[in-house]
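Next up, some structures in structure tokens.
Okay, so chain A shows up in both of these, paired with chain B first and chain C after.
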Partner chain A sequence: MFKQVLYTQWKWSRAELMFCVVGAFIVPTLILRVGYEVVDGYSITNVLGVVGFAGMFFGSLSLFTAFALAWRPYIVDMSLRHVGPLSLPVPWPEFVRLRFLAGATLVLLPTFAVWIGGVIATTTSAIPLTLHAYPGGVALRFLTATLVAYAAGFMLQYVAGKHAVRVAVISFFVVLLLALAASMLGFENVIGKVWNVITTWPGPFSIFNARWMLIDV
Partner chain B sequence: MSDAIIVRNLSYRAGKEFAIRDLAMTVPSGCVYGFLGPNGSGKTTSLRLMLGMLPADYGTINLLGHDVPAGVHKALAKIGYVPERLHLYPQLTVDETIRYHAAFYPDWDSARAEQLRREFALRAEQTVDRLSKGEAGKLMMLLALAHNPDLLVLDEPTDGLDPVVRRDVLAALLEYVSSRGATVLISSHLIHEQERICDHVGIMDDGRLLAEMPMAAFRGGIKRLRVSKAPVERGALPFTLLSRGVSAGREEEWVVRGWQPAMKEYFVAAESELREVIDLDLEESFVELLRSARTPVGMTGEDN
Partner chain C sequence: MCEFARRSRRLLFCATLTAVAFAPRAGSAQSVDRLRERLLASSRRAEWLKDSLAELHQMRSHEMPADSIMVGDLKFRFLRSNVGDDVTAELRVAGKRALAVADSVLGDELPRVARETPILVTRSNSRYGEILRVNMVNLEIANGGGRSTLVRAPITQGKLEEAILDLLGTMATSRVPSSVVGWGGEWVPARPTNPEQWEDAAIDMASSKASIARTCYVGSVPACESALALVVVHDPLNEWYTPDGWRILVATWMPPKDADSVLAERMKCLDQKVNASCERLARSRSIPIPLTFGTRSTLMSLAFQRGGRDAYSRMLRAQGTTLQVLAATAGITPDSLIREWHARVIASSPKSASPSPLEATVFIAWALLFGSLAARRRP
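Here is the complex of A and B:
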């Protein structure tokens, strides 16, 4: 069963996955190459600046991968009113577990690409003596961050259902409007505070706020 | 086990306008049960409730000896289901769709699936979104039959199909039923098609089951009577009067259920004249039953 669920999810998400894989291979090398040409490659501060910019790419790629994998199967099933999964002789929680595991397994593809891409980028770039390459660390961080975001997206849809998605989206915009109104009235930045709570430890998305440094001290 | 499906006191509300009300239904094992009703009468909702796809507000459902929803997935392993609308993943090919379903059914018969694929002339590499309506219908029937189910639940399986495809699909269904002795619950508004294949019928309207009986009783039990000098005071009727209308002069047309030839004595006793007893076909019987349910005449016999 798992093999078939994995295959169907691969087939639905393969375009997005391929985009992530190719991006993970090429973009870090490109950023380092172009960045090194612009800055003084032997200045540690400049190199860390370029690598930090590349780190933003990994965070964005992680979010994109997570939501592509979480949303696509749900959208397909919802368009068919979930009749297919519900008519299969497996309990619904078991089916949801298979779906989740299949998506989580597919995260390994771009993770592997991040690692290989990182290795290529760092081995083809000059690294100042006091700095070191961490392609494995970035890949591990990418895997963890993607799984966290994937789990959040998946849970919102499959576990909570579309009503919860509606509530979450509406709540998001209400909070946004209230925060904007508050800031216009001179109150402190509510959005920034909320953002800090969820993106700093022990917030659920603190992994995204960590250092995504392919080259670091 | 004598009954494949037993439903009792089933209630379900979908929004403000529509509800399944106190549905009680029994599908005997080995029969072909026609679930008839006009569009929007609640057939599809009832089937989904029976298969555990919707949570009932009240009532009990037993499917092949398993209570729903607790044991529904065990029952579903022995059920072939063809939903009203295509439920297959559009990007998968026919072959991939078959393999996907095979993985979930312990009794999947790959040889049978391949045989049906060839019989239905389905190309293995064709994606589901490129299938014609007829091909999609055949693929759904293939998936419903290939795990040798004990019960087939078919929701308008031939609706919108051309006559050739409809014949192929029904032929495969009947061949399977005759060889396996499986039970079939087939929902449709195509009355003439059901007349040919069903041995039991249940008639649904506005979320209620109006009647449930063997096909022979339904086919032979509803008659149109031409009565002259019809009695004003009817007294106790030996049959169920579904409708009554004036046809010409003092002659009236009565549509009755549960008619027996000996009942003509009633008209003799009432000093009326029974001029003709006309057999109704299934469609006419169906329409009269629906009409009487929607506008009851209030002139019925002992069981009404």
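Here is the complex of A and C:
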């Protein structure tokens, strides 16, 4: 059963996955190459700036991969009014679990590409004496971050259904407005505190709040 | 008194605005005589400003009722009607906590440092338009030449504690040998260095433009002493930087647009990599220190930590160079202190981007939790 769900998930998301894999494979090397051409490599600050740019790419790629994997199968199912999943001889929670696991398994593909891409990028660039290369570390962070974001996106998609995007956008703006109003009125910023809780350790999104550095101190 | 102070402040503000309005624009040609006149006039104005400020601080300390509250040996002076009971209560707790933290650094000398001068507290609640208001508390060392720290809304115990610790650090500098105070950036740390500050020091050392800092990174004690400016440096440009570093120094500075010869020299340095041009340009400006004052403060902090409760007292009694004073504070030899500091900085280097096993477990648990919640709603 899992094999079939995995195959369906792969079939429906392969375009996005291939896009992520190719990006993860090529873009870090490109960023380092172009960056090293533009800046003076003797300055460590410049080098870290270039690597930080590659780190931003990994963070964005992680979010993109996660939401693409979470969103695509549900949208396809929804367009068919969920007839397929509901006709299967397994209860709905079991089916959702299989879907979730299938998506999580597919995250391994771009992770592998991030690792290989990182190894190529760092071995083909000159690394200053005081810095070290961490392609494996970045790949592990990518895997963990993508899994968390995928799970959050998956939950939003399956709980809010077809209104998921609307719910996400409206919640974002409501939170933003409340935070702004609270700070303007001089109240203690509760939303800021909540934001801190979810984006600092051990909050779920604190995984994004770190140095995604292929080359670092 | 208050009215007079307000007027004086307004006058000073007007004088500053006038000076700014009539000041020559940067880059316009001026004769040396004209520049000298301007410089003399500016220094005169600076003296007047300094006198007026001293006068204002003097007045403010007299305005406040004596010792509004005492927390341990710390004295806070304020007008109860201005500060309010809520901030007074927060100040009591914050003061107590700040003293406990500072005790671990300043040890037996803390009561004397805290007693030295009262802290003036003023609260302002400025309104901007109809709805926007900003609540602030200013803590200022009485007779401290305006050395103060501002706490913005929301006023919390944590923020007040940090502000009090900052002021205690400033107060602790008054009896420390002046060479050490100057070396440490006019401040003595009154709280132990936290892991983030050590990590910043590691990043600072590894990413410095100065080659001496990189040599220090690989473990040379003399290089670390030089990078921390603890030994006499005769030619900072040559002793701290290599020609590659000169180029970086030149690259970080943009000369005025009308300085054609300088611009041409800069192009020679950056594009054609002519070392002589880089050196000339780099020498025309002040040479940046290899490691920041923040990094230096980690060494001072380590000396206090290593030296125990008597460390600060020993620093006050110590004589000699900055390095000798720090070593006496720590109670170990200068080389051991530098070696220990180096090991601590290197150990604080940021970890690889990889999440730790604990982090990975927690994040996977989050992912599983989200995943299990998804199955709760059936379409």
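Criterion: the second predicted complex is superposed on the first by the 182 of 217 C-alpha atoms of A that agree within 3 Å, B and C clash if a C-alpha of one lies under 4 Å from a C-alpha of the other, contacts with A are read in each partner's own complex, and residues count from 1 in each chain.
Heads up, the rule we're going with is that a contact is a pair of C-beta atoms (placed from the backbone, for glycine too) under 8 Å apart; a residue touches a chain by one contact, two chains touch by 3 or more.
Keep in mind the model is a prediction, meaning the values are calculated, not measured.
Does chain B (first) or chain C (second) touch A:V76, or do both, or does neither?
first
Just to be sure I read the superposition right, which of the two partners does A:K11 touch: chain B = first, chain C = second, or both, or neither?
first
Which partner does A:L48 reach: the first (chain B), the second (chain C), both, or neither?
Touch partner of A:L48: chain C, not chain B.
Does the superposition put A:S87 against chain B (first), chain C (second), both, or neither?
first
Looking at chain A, which partner touches more of its residues: chain C or chain B?
C
Do any residues of chain A touch both chain B and chain C, and if so, which are they?
82, 86
Would you mind writing out the residues of chain A in touch with chain B in their complex?
So the residues of chain A in touch with chain B come to 1, 3-4, 7-8, 11-12, 76, 80-84, 86-91.
Taking the touch rule as given, give the residues of chain B at its contact with chain A in the complex, in rising order.
Listed in rising order, the residues of chain B that touch chain A are 51-53, 73-77, 79, 81, 83, 85-92, 96, 99-101, 103-105.
Tell me, which parts of chain A touch chain C in their complex?
Within the complex, chain A contacts chain C at residues 40, 42-45, 48, 55, 78, 82, 86, 92-93, 96-97, 100, 104, 129-132, 134, 136-138, 140-141, 144-145, 147-148, 150-152, 154-155, 157-159, 161, 184-189, 201-202, 204, 207, 210-214, 216-217.
Would you tell me which residues of chain C are touching chain A in their complex?
131-135, 153-154, 156, 202-203, 205-209, 214, 217-218, 244-245, 247-248, 251, 349-350, 352-355, 359-360, 362-364, 366-379
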